[in-house]
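Take this structure, written in structure tokens, and hold onto it; I'll ask about it next.
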Amino acid sequence: MLRLSQMPWREVRAAGERGAVAVLPIGSQEQHSEHLPMGTDTLLVEAALDAAEQVLDAGGPELVRLPVLPFGHSPHHLFAAAVSLSEEVLLAVLADVLDSLVRSGFRRVLVVNGHGGNEEIMRLAVKRGALRSDVALAACSYWAVVRPDGEPEDPGRTPGHAGWFETSLMLAAHPDLVRAPAEWQEQAEPPLFDRPPATGLLVERHGEWERVHGTTDDAAAADAGVGHELLVRRARGLADAIRAFDLATRHSHARQTGEA
Amino acid sequence: MLRLSQMPWREVRAAGERGAVAVLPIGSQEQHSEHLPMGTDTLLVEAALDAAEQVLDAGGPELVRLPVLPFGHSPHHLFAAAVSLSEEVLLAVLADVLDSLVRSGFRRVLVVNGHGGNEEIMRLAVKRGALRSDVALAACSYWAVVRPDGEPEDPGRTPGHAGWFETSLMLAAHPDLVRAPAEWQEQAEPPLFDRPPATGLLVERHGEWERVHGTTDDAAAADAGVGHELLVRRARGLADAIRAFDLATRHSHARQTGEA
Amino acid sequence: MLRLSQMPWREVRAAGERGAVAVLPIGSQEQHSEHLPMGTDTLLVEAALDAAEQVLDAGGPELVRLPVLPFGHSPHHLFAAAVSLSEEVLLAVLADVLDSLVRSGFRRVLVVNGHGGNEEIMRLAVKRGALRSDVALAACSYWAVVRPDGEPEDPGRTPGHAGWFETSLMLAAHPDLVRAPAEWQEQAEPPLFDRPPATGLLVERHGEWERVHGTTDDAAAADAGVGHELLVRRARGLADAIRAFDLATRHSHARQTGEA
Amino acid sequence: MLRLSQMPWREVRAAGERGAVAVLPIGSQEQHSEHLPMGTDTLLVEAALDAAEQVLDAGGPELVRLPVLPFGHSPHHLFAAAVSLSEEVLLAVLADVLDSLVRSGFRRVLVVNGHGGNEEIMRLAVKRGALRSDVALAACSYWAVVRPDGEPEDPGRTPGHAGWFETSLMLAAHPDLVRAPAEWQEQAEPPLFDRPPATGLLVERHGEWERVHGTTDDAAAADAGVGHELLVRRARGLADAIRAFDLATRHSHARQTGEA
Amino acid sequence: MLRLSQMPWREVRAAGERGAVAVLPIGSQEQHSEHLPMGTDTLLVEAALDAAEQVLDAGGPELVRLPVLPFGHSPHHLFAAAVSLSEEVLLAVLADVLDSLVRSGFRRVLVVNGHGGNEEIMRLAVKRGALRSDVALAACSYWAVVRPDGEPEDPGRTPGHAGWFETSLMLAAHPDLVRAPAEWQEQAEPPLFDRPPATGLLVERHGEWERVHGTTDDAAAADAGVGHELLVRRARGLADAIRAFDLATRHSHARQTGEA
Amino acid sequence: MLRLSQMPWREVRAAGERGAVAVLPIGSQEQHSEHLPMGTDTLLVEAALDAAEQVLDAGGPELVRLPVLPFGHSPHHLFAAAVSLSEEVLLAVLADVLDSLVRSGFRRVLVVNGHGGNEEIMRLAVKRGALRSDVALAACSYWAVVRPDGEPEDPGRTPGHAGWFETSLMLAAHPDLVRAPAEWQEQAEPPLFDRPPATGLLVERHGEWERVHGTTDDAAAADAGVGHELLVRRARGLADAIRAFDLATRHSHARQTGEA
């Protein structure tokens, strides 16, 4: 993958105009319980993209990777500590970035997300961008590019927050930044935002994140080896998504520029 | 269900203060192919709520139903015809409505949605509202309150747009408003927004809705009897969601008001 | 009148393009003293339009009626109970609706209002819309389309709020939703917002609505028969306004589309 | 009248706190046909206030006059020339000014307007301000503080735009800035915005201001003597409005500060 | 200098189209210690422009002067008294004014500022305006158009706030509005916003303006004669800036309009 | 310096509460002529901060460094290529970040900037933040923390854009990312935005950046050794600024928390 930050502008524009896919990672800075660092979501989306690059190697479409947006939408973590952009602000940031990329020559962009709280906003930004300009835009969250039915997946704990899944990944990707998890305090009721009480229902209750001490499940069983497997599966999933996006939209790019 | 629109204000406020759940249906006005009316999403969310009321009958929690918001976020349908609110405007409308309900005495609100394009915005509104005030807020889309694995569900065509699912429901709920569907034109490629080319990937391509003539799948096989079953299942799903929301948040309401 | 909500999009667009007038009713949900329901303004603007339809019958211009916007600008009623959109939000909603109608083929739109607090915003929206696009837009409040000098008008109590005028209309249109008015408490000073102390002066004092218990005049003398007459006069006034708007702007529509 | 611009801040705050009324004139810069200057509305609202000051002389309530806001909402005049603030911007300016005055000690403010296009926005600002803070706010347009039934009034031409009324006033107040009016071109149809075709109906048609060459009626009959009478009547009307506002809200001010 | 406010619109537009420079003064209303009036910044920017006019006399480029915007960005003075527009609002006002001037025929605009708190916003407005339209825009603050190394300049006290510099200028320009300064209270620490503790560092501390009683330096030594010299130097500086702006952008104007 | 991204939240909050200074670097992605990469401003602000850390070593105040914001306000570079946030969006991002840091326990924040186009916005954000909360905020641009009068400074070319100064720094900090500069094309007129034609005057002309091929001065003489000296001087300047900010505001922090 090329790095936009390291390229002179003529190469950036030329890449965009010949169909390269711009890749924008977005993360967050927010509490991740006692044992994981504030930048966990940012570190993991970067780790997943790094690993996907190796999977794609020379075989994939041309990619131009942007520097990660290190701040996301995390107002629900401000009870502890976070650097959060409001809905409107993050939506406007993503709109400005997408518009800039289009004005700089790109016709295809993929947003890769590391933080659950960014999902709705990322989706809105991608939908709006594709209505405004004659482009193809895509979005995914790194944890969700894999069918959660194989080993060692556990859909009930993926992604969760600062629990088994993220801690395992961090043990694989940044073991030096992981502390010993605090002793798990089983709650009488699991957090409503994570375990809705009915099919298809979102429930948000005031103070719920604080009630469950900022985490969704016990991190004690997290494991570096499992984390490595989970990460590799996401790397492959991302590589597949990138190839599929390229394939599905290559034609429309060609049509626009008058090639075959 | 009580109707907010028909109640004097003292009864509205008293209901909210004793824990009643305010229910806000939201819909859209937008093209639904050649054969379904512009208001399909609005008509169906109201039909589903009407049916859920009968399921709940006297047994459920106290509900105060608001008049439906008949306009949603439909910019992708303006190529044909729609009455659409932008992301920021719909988000602001929902925020104002939720804030008003809280100021008018409610501590629990459920938004019930009839239009796919409203989903991200409804979720953001509910999350924001629960951070701002000491309340419990919930949201769902009527088609998604049912596990799509029973008869006669077809998850690949639910909800779709103006296809088998919605046409069947309209044949059950408003047969007089359904015209004969146009002859189906099979596309070389299905719409990317409806059938993403990889797991967990959202792809939005400019002009895609127009390319597929504003619909996702063939409505020819739609059937009033199947539509009735699909509707009944959603009525039960909504009733379950309402009961579950009540149960999960009844205690927090009680705590606030100093009851048991 | 055709109903936009019940029409497939091609008929909506065709109607707009051949000059039909889109009609958008807007109302409110807000306290109306002890005896009238929250939805009074919405119910009355719909009743007036329904009656106007009968007056016009087959003789008038082609009309496409939108579903009513049930929420208006009512922050002054939140001391009791209301579902209120802020100035900016209601203005943005109306701008989005008007822009959508223009993009969907309409060149003529009439907004019919049921709530005093919406008036300035409705006027701004209509002015802005007509500057942005080559269209003719109109707006009126249902109570004001009649010269208040005939029987049984009383300009000093029209429209007022939850007093003689609205209660009479509700007794005519929705008697089942009218409770017995609370005993009238004569105020030392009438509400400043309703009876300004000098010609052409608007005075708004903090707490004024609460001071007068949310109403402007005694509803005790309200009468269903009088309400019926008042409603019929408004139906005729609306019908006249619709015909006059059609006549005044028919030519400009024709010019645009190249007809005679 | 005191001038805020010329007073040290402690005197400003002291005046506000002892109940003085802050007076904010607002105007516009916009085309006024061939013969009147761009600043006509601003010049006239200032002339009317100057004259009202003389009427009040020492007898009225304490007033602190702000410098005039010379720019208003005039997008409909940009076809020719204008300096215009959009609706949102003018509303925000007035909100900021009102909030500033409240934070600086005032509890009573009167906005005096010179431009028709500002009316709705001024009204919204005053309503909003009185809901936000424990204050009494008032607003009027200088031409409308007089019952238009006496000599030499002509309600059909008041205020109009750059016609008989404004030209007469300018001949009285600023004769050196008045040019000879262009020859009047009678229109087949009078401007719809000025002469609505039905009672209570606002009609706005694209291009209407340009069609009527930016004016509403023939200025040829304008007269300096008549203008003087019209101005004196407005000065008295403003003086009456100021006294009435003071009287109506003096008590509420007193109550707040704990005086009698 | 022509006055936009006093000109009919055709002359305004003709002047703009033949290359005249529109000049917009902006000021503030805010506390200026015990002895200077609220409007000091507005009065001084007008005084400097008046004096610059005399320097330019008939020799300079054609100028069309707008009425001063009397309100600026002064939230830091609301602890005492001010009429302040927020950043967003002042930026939007300036954007609207610049856009209006461009739509009214101008291709060159100069903003002349009288208040330190407006500087960043004025610069942003000018940059934005020149990106949006094919125009040349300029901005300056009246005190800074002079190299501060000659007699009787004192860069350490220019402009300051309500100290030696502004008081001297006011003694020259509006002696009747200057009161005796309060006795100077030497602070242990000078205000951080005025004397940053390191090169190139801006430091803003909560409550700092209040701590230093709203002023930066002792006004006792202020002098009318010095003020006159300071004002004359600014008048020459403004005249130089106007001539230089004209010279630098005259060609680009000519190019556009197809002249030599 | 601690890295916020790598710390668990309790350590972040504890550091803020005991007086640590949060340090936020901000940069840009924008054309830097033919030879420097898009991320030049971001890379250089990070290089300067890295070097400042070594100068401070263990001796300075406690610092918590945030991840760099890689996108800035660069609309003037979109003619070539850039990822730009609008004024309003960047201002809102900085406001959200500052507010988040305050809510997370910090009372002192320093913004360090790498891009000229961010300066006004950064200043506004810091001023606003210090008015909203009881905190001390500071801001600087890395190139400006040094008096430009020593060797090897050249104030006429500092910072410029993609010229001698930035190229020298990049040769010192990231030589592998520097290409051979394009042959210098001397312009008849230097860019107005960089060399204003009069003292204290900002001039912005449409198309000026494009006219000068996106750069301000010839990079041919750039030199790695000089770049190293320039960088070291900035590292010392930043270290001085950090120490001075700490010293000037340490007391106010202590006062708040009730220490000595």
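Order of writing sets the chain letters: A, B, C, D, E and F. Residues in each chain are counted from 1.
The definition used in the following text is that a residue touches a chain if its C-beta (ideal position, glycine included) is under 8 Å from a C-beta of that chain, and two chains touch if they have at least 3 such contacts.
None of these values were measured; they are calculated from a predicted model.
The set of chains in contact with subunit E as well as subunit F is empty.
Common neighbours of subunit A and subunit F (chains touching each): not present.
For the pair subunit D and subunit E, the fraction of shared interface numbers is greater than half, so the two copies use mostly the same residues to meet. Simply put, subunit C must spin 120° to overlay its Cα atoms on subunit E, rounded in steps of 5. Chain geometry summary: the mean Cα position of subunit B and that of subunit C are 28 Å apart. Centre-to-centre separation of subunit D and subunit F, using mean CA positions: 48 Å. In subunit F, the residues that touch at least two other chains are 88.
In the complex of the two chains, the subunit D residues touching subunit E come out as 3-10, 12-13, 16, 29-39, 42-43, 66-71, 77-78, 80-86, 88-89, 92-93, 96-97, 100-101, 103-105, 177, 179, 214. Contact residues of subunit D toward subunit C in the complex are 75-76, 87-88, 91, 119-121, 123-124, 126-131, 133-141, 144-147, 189, 192, 197-208, 237, 240-241, 243-245, 247-249, 252.
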